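Listed below are the structures to be examined.
One chain, subunit A, appears in both complexes that follow, with subunit B as partner in the first and subunit C in the second.
This part shows the complex of A and B:
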């Protein structure tokens, strides 16, 4: 049976408004990757709620480092979702 | 520097990080400001008042009444005139020592490369992805550092991309190509000081690059959420598969 670990997920700026929550503690499988994280979030919050996180150019940061490729999560990691900003 | 300049810039010359040497570099500095709206307005004002020697202001818009809430370089007197002419007039009153060139049309990418190769820093104060990607490519080709800022609603972001350094990410390492729906202030709104905060931070980064002091935001992106007054810095690595800079690396 897969071991679950807890990670902390932050939603930044407009994503916080879109999801109606700024931060959640989430159970993910140990060594979960990008798609596992999104699956766990969908289970927790529902697919409609999570769709803004899937938008193009939303960045994911793990422990304050923006990760464009694959990543592996461990217990206690902080994950941040960052929306694209272009206005000026 | 003349006695007048020494007195004029004395409050920043007295900073040990700047000193006369740093101020001389600032006074010799040439900066291209692309976009003279919410971000470019405060950036241009602070760069001129700090003593930057030469500014090139680029914008194809005219001043509209809805700009005045946040684009503080423009006044009621400049309504319906070009933004760059309005900006030049304001700066001339602020610091006549700063040389100003203006371009009142949209630059083609080759012209952006030419401009980037003639200045020390490009300040991106535009409001859409298409121009931002083009400016990024131009700065990569010219090997000119790019100070990038963006703001909307009550949130903002700033970073520095310095293609003189082989380990520096570029704008497209952060935002991959293909995003066609940019959020702009006309459609989404912006609280006036938000662009002021980010534009002013961009001016600060330009001064650090010109004066060669401090640690510019290379390899880092700052996100600013004014609603909760949260400021967070995130590390950004160069993307070896980046469409813009990946193949240029090493």
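This part shows the complex of A and C:
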């Protein structure tokens, strides 16, 4: 039987507004990857979240480091969905 | 030790200039400063203010990366970056970059470089509050052209 772990997921700026939530605690299977994360988010937030979260210009950070490829999640990880950034 | 701060409060250019002078070495001969302001208009739209968000920890790391890259290119004695977040009315100060060096070419160049990379690589989000609605704004093609004009660029956070 798969072991579930808890991770924290953050949404910023336009994504926070689109989804109506800034932060959720999520149960994912231990060693979950990108598609498992999306499945868990869909279960939690509904299928409407898929389009904004998977937009081409949205970056995913795991523990404050941008992950462009596959990743493996562990208990306590912080995942952030980042719409396009601009400072200054 | 460089200074990186993200804060809601306004900053005093005089205080930051003084702190830069105190932190720089005895052979400091040039301090360049840049202050970014909230425009009152963007094209034909009247801007009432700007709302800024950041990602604590990651934002500061992204600024640190930019400063490190500037330090690899020029001889710098001290760098200060103060960036505001929250809701700022038009005309407010948003960002301050202060760079100290022995000579002006390095101070000018590094100050401009740091600002160009803050525009495209620093982890902030900005929403314009206009008289006709609200709009999350993005780096412009001009911002990317200016960044790419610095030869090879800096790596993004975590890469």
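FYI, the second predicted complex is superposed on the first by the 83 of 88 C-alpha atoms of A that agree within 3 Å, B and C clash if a C-alpha of one lies under 4 Å from a C-alpha of the other, contacts with A are read in each partner's own complex, and residues count from 1 in each chain.
The working rule: a residue touches a chain if its C-beta (ideal position, glycine included) is under 8 Å from a C-beta of that chain, and two chains touch if they have at least 3 such contacts.
Predicted model only: the values in this text are computed from it and were never measured.
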Which of subunit B and subunit C A:48 touches, first, second, both or neither: neither
Which of subunit B and subunit C A:84 touches, first, second, both or neither: both
Touched partner set for A:25, first subunit B, second subunit C, both or neither: neither
Subunit B versus subunit C as contact partner of A:56, first or second or both or neither: first
Which of subunit B and subunit C A:70 touches, first, second, both or neither: neither
Common interface positions of subunit A, toward subunit B and toward subunit C: 12-14, 61, 64-66, 68, 80, 82-88
Contact set on subunit A toward subunit B in their complex: 12-14, 16, 22, 56-57, 59, 61, 64-66, 68-69, 80, 82-88
Complex interface listing, subunit C residues touching subunit A: 36, 53, 55, 57-58, 61-63, 83, 94-95, 115, 118-127, 136-139, 143, 156-159
Interface residues, subunit A side, partner subunit C - complex: 10, 12-14, 61, 64-68, 80, 82-88
Subunit A partner contacts - residues on subunit B that touch it in the complex: 35, 37-40, 124-129, 132, 149-157, 173-176, 178-179, 182-185, 188, 190, 195, 221, 223, 225, 228, 230, 232-237, 239
